[in-house]
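These are the structures in question, set out in turn.
Look for subunit A in each of the two complexes below; its partner is subunit B in the first and subunit C in the second.
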Partner chain A sequence: MTTSPQATDDARSWRGGRVRWARLFRQFGTLIGFIVIVAFFSWQKPDTFMNVRNWVNITQQVSILGVVAATMTIVMVLNDFDLSVGTMASMVGIVAGTLLRDGYMLGVALGLGLLVGAGGGLLNGVLVSYIRISPFVATLGTLTMFNGLALYISGGTTIFGRAIPTALSDFGRGGIYLGIVDGQRITLPYLTIITLVVLIVVWIVLEQTVFGRRLYAIGGNMEAARLGGVRVRMLRLMAFVISGMGAAIAGLMLVSRLASANPTQGDGLMLRAIAAVFLGMTMSEEGEPHVLATMLGVLILGVLANGLTQMQIDTYIQQILTGGIIVLAVTLSSLSRR
Partner chain B sequence: MKRTMYLTLVIALVLAGFAASAVSAQDGDAPSVVVMTPWLAQPGTQLMVDAFTEYAAEKGWDVQVIDTAEDISALISRMEDVALQDVDAIVINVDPTQISAGLAAVAEAGIPVFGMDSGTDPLLVANVTSNGYAMAAETATYVVDRLNGEGSVVMFIFEPYPPVQKRGIIAEAIFNNTPDITIVDKITPSFDAGPLEGARNAMEAVLLANPDPGSIDAVWAAWDEPALGALQAIQAAGREEEGIVIVGIDATPQARDAISMGGSFEATVAQDFPGIARQVADLVEAYLGGEEIVQSTYYVPTKLITAANALDE
Partner chain C sequence: MTMVHPPPTPAPAESTLLLHITGANKAYHGIPALVDASLTLRAGEVHALIGENGAGKSTLIKLMAGVLSADSIAMAVRGQPVNFREARDAFDAGLRFIHQELNAVPTLSVAENVFLNQRYPTRAGVFVHWRRLHRQTRDVLAQLGITHLAPGQIMARLSPGDQMLVKIASAFVDANPSAAGERAVAIYVMDEPTAALSTSEAARLFEVIDRLRASGCAILYVTHRLDEIFQLADRVTVLRDGRVVDCVPIEGTTAAGLIRMMTGRDLQQVYPPRGPDVQVSERVLLDVRELTTRAIHGVSFQLYENEILGVAGLSGAGRTELLRALIRADRVLAGTVSLNGAALQARSPAEAWDQGMAYVPEERRSQGLVLSRSISDNITLPHLRHLARRGTFLNHGRERRTSAEMSEAVRLKAEGVTQATWQLSGGNQQKTVFARAFARSPQILLLDEPTRGVDVGAKFDIYTLIRKINAQGTGIIMVSSDLPELIGMCDRILILRDGALVHTVQTEALTENELLTLCYGELSDDNQPASH
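After this line comes the complex of A and B, so read on.
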C-alpha cells in the first residue's frame, strides 16, 4: 500500500502548522500571560487601572529597575551574573549624596557617581574575566564590599534635606508635559525617559552590532567563540563595566526619586532585575536573554505590584503571588522546551 | 498551546480568587484606611501596626497594611497606587523626608496622611510620636537621683543620627546642671562590629583608665545597645559589686531581660507603641468626622522601665 504524495504533503504541512503554532505560543506565552494579567486588572479596577495616568505611573515606578535589568541582560547574555548591582546602586547614591552635601556641583557629583559605577564594574570584570573567579563568587564578594563602603562613607546615616539640591529631587518627580487626558494632567516622567534611552542603547548594542552578536556567540559556546577569534576576556570585562554603569545610573535615579541617599536603598534591585531577565528569557526559543523581553519581565513585575495594591491585596500575599507567577512562567517554559 | 492555556488559566484562577476575597472584604460605607511602612519587620512598628489594626476594627474601618520590606522607593510607588484608590486616610511609619514624592502624589489626590512615630512634614495632618527629649530627661534624672546628685558618669552618645543626638544633648544639660556630677567621658561607640561590641570595648578601656573602685558611678547610654555593652564590660572586669548604675533608652527585649535580673543595668524607657497607635486612630476618626486638626505633633507619654516592671507587656 502506498500513500499518495499529495496526502503526505498535506500531513506534513498540517504537522508543520501545528509545530509553528506551538512554537509561536511557546515564544509568546509570557506575553499572553502579561496580557491576561492586564485584562484581569482592567476588569477588576476599570476606573483606576486602565488609564493613561496609571500607566505613566507604572513606567515611572519600574524605571529604576528597568535600567538595572537592561544592563543585567548584557551580562546574562554571557551566562554570567552580576549580584553586586543593588549594593552598587546604593553606594553610588551615597557617593553622589556625600559630594552634594559637601557642596560639589551637581554635574561633578553625578559624573563621579557614574565613574564609581564603571570602576566597580571594572573590578567585577577583572575578577571574573582575567582572574577567572566564578561570577557568582566574585560579585557576591563585591556585593559585600560595596555595601560596606556605602555604610562606611555615609557613617550609616541617610543624606537628605538641603544636602540634595532641589534640581535633582524635582527631576525625579517631574516630566515633559504631554496634555490633559480625562481631565488629568499627563507628563512623561524624566525617569521614564532615561530608562527608554538606556533601553534603546542596550537594544542597539545587543541586537544591531557586531559587539552584541559576539556576546551572544560567547553565551552560546564560549570555547567555540574563543577559537573563532572572539576576544572573550575583553568582551566579558566590558559587559561587567556596562552593568556597573547601569547600576550607577539606577543609584542616581534613586537619589533623585527619594530626594535622599541611604546606604541600603538600592539593595533590593538585584533580585528583581535577575527575575525580570529570567521572565524575559522564557520568550526566547534558545532561552537567551533579549533586552525587549527583559522589559516585558520588568513590566510584569511592575503591573503586578501596581494592580495588586489597587485591589488592596495584603503585601505578603502579593509577594507569594508574584514569586509564584515567576516560578510558573519559567517552569512552563522549560517544560515546553523538553 | 497547552502551556499558554495552563498559564492563562492558572493566573486567571489565582487572581480571580483574590479578587473575590478582596471584594468581599470591602464594605461599601466603612472608611478605608491604608497603613504604609517599609519597617513592618521592626518590633516597634509591628506593635503599632497590630494595635492600630485592632482599634480600627473596633471602629469598623477597613484597614489595609502595605509593607515594602525596607524598600523606600517601592513605598513611594505604592503610595502613588493608593493615591488612585478611593481611600479615606493613610497612616505612615517612615521618615517623611524620604517619601516626599509619594506624599505629593497622595496630597494631590486629597487623601489625608497621618504619621505614626514618623516625623513632622507639612504634608502630614499630624504626627504622633514619643518625645525624645523627655525620654532622655527621664533616664538622666534617674541617674542624678540614684547618685543623690553626686558622682562621675560615663555617657554613650551618637551624634550623626538626629533622634539619638537630641537625647545626648538633654542628658548632658541635666548632668551639667547638677554641680557635683562629673562627666568622665563621652563616647561614640564604633559600629564596626555593632554598637554593643563597640561600647563594650570602649567601656573596658574606661574601666582600665579608672581602676579605683567607686571611680565610676554611672553609665548613661543614649540607647540600649551601648548600655548592654557597658554591662558586659563591667561584668568581665569583675567590677559588678561596685554598684555602677547603668541606664539605656528604648526598652528592647534584651534590655528588659537584663534589667529584670536586678543587676547594674537598672532602667530604660519604653515608648508606648499601642498608645501611639490609639492616638493616631483617634486623630483619624476626629479628622474623618470633620474636626479640624491644628496641632502638628502629638507626644504620647513614655514609661520608665525598672526591675519592677521590666517583664510586663
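After this line comes the complex of A and C, so read on.
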C-alpha cells in the first residue's frame, strides 16, 4: 500500500495542533478566566486592587472557605458530596462559644469543637458508607440536624463580647509581621497560615499517599476498586470524617475572625465550597477534583468578592455575577470536552 | 496526492450492493486507526469482519453508525452517497447496530425495551396503548422465533442471553412500517453478539441471522470466534493495523489462513503446552470445603500446586459466583477455605489479595479497571501498600518501574504506563488486569473468562502468561465459556450446575462434546445443546 507519506504527515500535524489547542483551553480555560478577572479589576481599581496588601487581605478573606473546600475535595474525589459542612461549621462555633462563655479553657473549647466535627463526620460516613444512603440525602438530613442543634444550644442568640477570649479574637485578626511594602505594613494572617497548612496536608493525603490514590480509584470505579483490594467502606467513612473536621476547623476560624458565634454564620460555606471544587474540576482532563485546582476556584470566588466590593457593586448583583461566572466556566469546560 | 486503493472486490451483478465504503480514514490524536479501509455489503449475505483488537473494527463500525466522524470516507447505501453526521442518520438509512454490551434499561419490561428507540403506540396521542405495544412486541419476537419471552417480563429478571435477544428484537422494529417498502431495515451490524450468550442462546441467534439473510438483508458480523465465521459467514473482511488485508469468500479459506491474515504470523498451536518440567504436585494448595453463598451450595474441591483447574457450566450455574466467594466479594454463608493448610481468614477482597489471592474479574470495564486512571495506577492498585514508603507514602518511581516491568511481562502495547486505560483496546485492557494480578506473584490466581473479547494474538499471549505464572507454582482456577480453551489449558475441570458441583473431570482425552454434555446433564428434548 503506497500512501503519500508527506501528505498524511501534514494532515496529521495540523489535526494534532488543533487537538492540542482544544486540550490547552480545556485544561487552562479556568486559569485564563482567573487572569482575565484579575486584569479587569487591576484596570478598574489600579490603586487599591493590585497591591500586596490587598492580596494578603484576599487570602485572609478566603481562608475559611479554603479549608472547607480543601476537605470537600476529598469527599468529591469519591463522587460524593457533603452538604452538611456549612451548618456543621455553625454548630461547632456555637459549641465552642458556649463552652467559652461558661468559662472552659480555650484549649478545651477548641478541642471539643474539633471532636464534634469528627463525630458529625462519622455520622455522615456511617450513613453513606455502611447504611448506604445516598450522600445527597444523608448529608441533607444531617445538615438540618446540625442547624437545629446549633439553634437549640444557642437558644437562637449570638454569643459575643466578653464571652469570646481576646486571645482568640486577636488570633483571627493578627498575623506575622513580614515588612513594609510601598509604605504599608504587611502581615501574614494566622488564618491564612492555617489554610496553607490544611492545604498542604490535604495535597499530601490526596496526591502522595496510598489512601489518596485509593480514593481516586473508588471515585473512578467503585466496584473495580473493591474487587481490586480497596476497603471501600472504611475509606468512604474516613473521607467524611475528614470533611467534618475541616468544617469544624472552619467553624472555629469563623468564631476567631468574627469574635462571636452565631448559629447560622457558617451556613453559606457549603455552596461556595462545592462551587470552588467544581471550578477546579474544569481543569482536569478526566474531570477529577484536585486540591490545588480547588484552591484556584476558591481564589476566583475570593477575588470576585473583593473586586466587586471595591467597585461598590451591590451584593445582590455580586451574587448574580458570581453564579453566572461559575455556570459559564463549567459550560465552556464541558463544551470543549466534546 | 496519489493514493493507491486496495483492489475493491467487484460485486457480482446478481446481488445488490447495499453498502459500499471506500477510502475510510480516521486517526486519533494523530495515530491512524483506519487507513484507506473499504467494505462492501451485499443483499443476502453475512459478512464477517475480523481482526485483532486495535485493528480498527470498532472504528469502522462507529463511522458506519455516524457516532464518529471520519477524516475522509466515501460511503453509499444502495448506490446513494450518504454522509452520516449523527446516529439518527444511520438509523434512518436503515442500519441497525447490536453491540456486545447490553445497554438495555433493566427496570423496564421486554416490550418497553423492544420499542425503546421508537414512539410507543398511543391512545389519543398521549396515553400509551399498552395492549397494542404488547401485541406488536409479541409479533416482533415471533418473527424472530422467540416464543419463550413475554412482553410484560422485567428485563432485569432475564438471563444475559435473553436480554441480548430482546435487544436484537428491538433492532428489528422499524420506525415507520408503512414506508417499509423502500427504506426497510436492510443492514444489521452485530458486534460480538454471542459474547455473553450460552451455546443454545447463540444457536437461537444464528437461526435469526439465517432468517434475515434469507429475507435479503445484509449482516456485518464482528467476532473473535473463528468457528462462528465458518458456520455463518459468506465472506470475510480481515483488518490489520487499520488496513484491510483482504476480503475473501469463506469457501477456500481455513482458520489457519485467517489467523495468518489477522496476525501476519503463523500460530501453530493455539494452546501453548505445559513446560516439560512442570508437574502438578501432590501438595494441596487450596482446600475448599462445603463453600456456600447465596448462589452456590456446598462446593468442595482441592487445588494442587502447579495445577490449572477449569470451571465449566451453563450461564447461571454459579461459575462466576464460585470465584467471587473465593475472593470474598460475595458473603460466604458456610464452609471453609484453607490456603496452604491454614484457614483463609479474609472477609473482603482486600484481605484476600493480601493473603496471596489474585483475581481477574469477568467484566474488565465495569469490574476490572478504573478507566479514568493510568495503566500504572490500575496495575498497582492492590499492591500500593507494598510499593509505598513506610506503607503510606506513594513511591512514584517504584510504581512506575513495577508497572513498566509487568506491562512488558504481559506484552502490553501502549504509549507508556501513564496512558489512561480507557484509551486502550480490549486486549490491552485485559492485559492490564492480568499485569495487576501477576504483580505480586500470587499463590492463587482466579480467572473469570480470561480471554473474552480478546483477539487471537492477545489470546495466545494470555495463554502463554497463564502457563508462565503456573510454572512458578501458582495455582490457577479458571472459569470459561470457551470449552476448547478449558480443555486446552486445564488439568482438571469442575462442572457446576445450579450452584452445585456435579462432576470433576480430567482433561486428558476429553472432547468438547463430552464436556458440553456434562454441562447440560440429562438432556430433555427441548433442551438439546446446539449441534454446531
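As a convention for this text, the second predicted complex is superposed on the first by the 335 of 338 C-alpha atoms of A that agree within 3 Å, B and C clash if a C-alpha of one lies under 4 Å from a C-alpha of the other, contacts with A are read in each partner's own complex, and residues count from 1 in each chain.
Here is the rule we use: a contact is a pair of C-beta atoms (placed from the backbone, for glycine too) under 8 Å apart; a residue touches a chain by one contact, two chains touch by 3 or more.
Since we're looking at a predicted model, the values are computed, not measured.
Of the two partner chains placed by the overlay, only subunit C lies in contact with A:Glu288; subunit B stays clear of it. Using the contact criterion defined above for the overlaid structures, shared-chain residue A:Leu271 touches neither subunit B nor subunit C, since it reaches no partner.
In the superposed model, A:Ile32 lies in contact with subunit B only, and not with subunit C.
In the superposition on chain A, contact of A:Ala167 is made with neither subunit B nor subunit C.
Put simply, more of the residues of subunit A are touched by B, taking subunit B and subunit C as the two choices. Of the two partner chains placed around the shared chain by superposition, subunit C is the only one that A:Arg214 touches, whereas subunit B remains out of contact. Look at A:Thr158: by the touch rule set out above, it reaches subunit B but stays clear of subunit C.
Look at A:Val137: by the touch rule set out above, it reaches neither subunit B nor subunit C.
Shared contact residues of subunit A with subunit B and subunit C: none. Listing the residues of subunit A that touch subunit C in their complex gives 1-4, 7-8, 11-13, 15-16, 19, 207-214, 216-217, 220-221, 223-231, 286-288.
Contact residues on subunit B toward subunit A in their complex (touch as defined above): 1, 3-4, 6-8, 10-12, 14-16, 18-19, 22, 25-26, 32, 34, 62, 64-74, 76-78, 80-82, 84-85, 95, 97-101, 104, 160-161, 191. Residues 1-4, 6, 27, 29-30, 32, 35-36, 71, 243, 327, 329, 348-350, 352-354, 359, 361, 366-373, 377-378, 381-382, 384-385, 388, 391-394, 420, 436 of subunit C touch subunit A in their complex. Contact residues on subunit A toward subunit B in their complex (touch as defined above): 21-22, 25-26, 28-30, 32-33, 36-37, 40, 44, 48, 53-54, 57, 60-61, 64, 155-158, 160-161, 169, 172-173, 254, 257-260, 262, 264-265, 267-268, 305-306, 308-317, 321, 324-325, 328-329, 332-333, 335-336.
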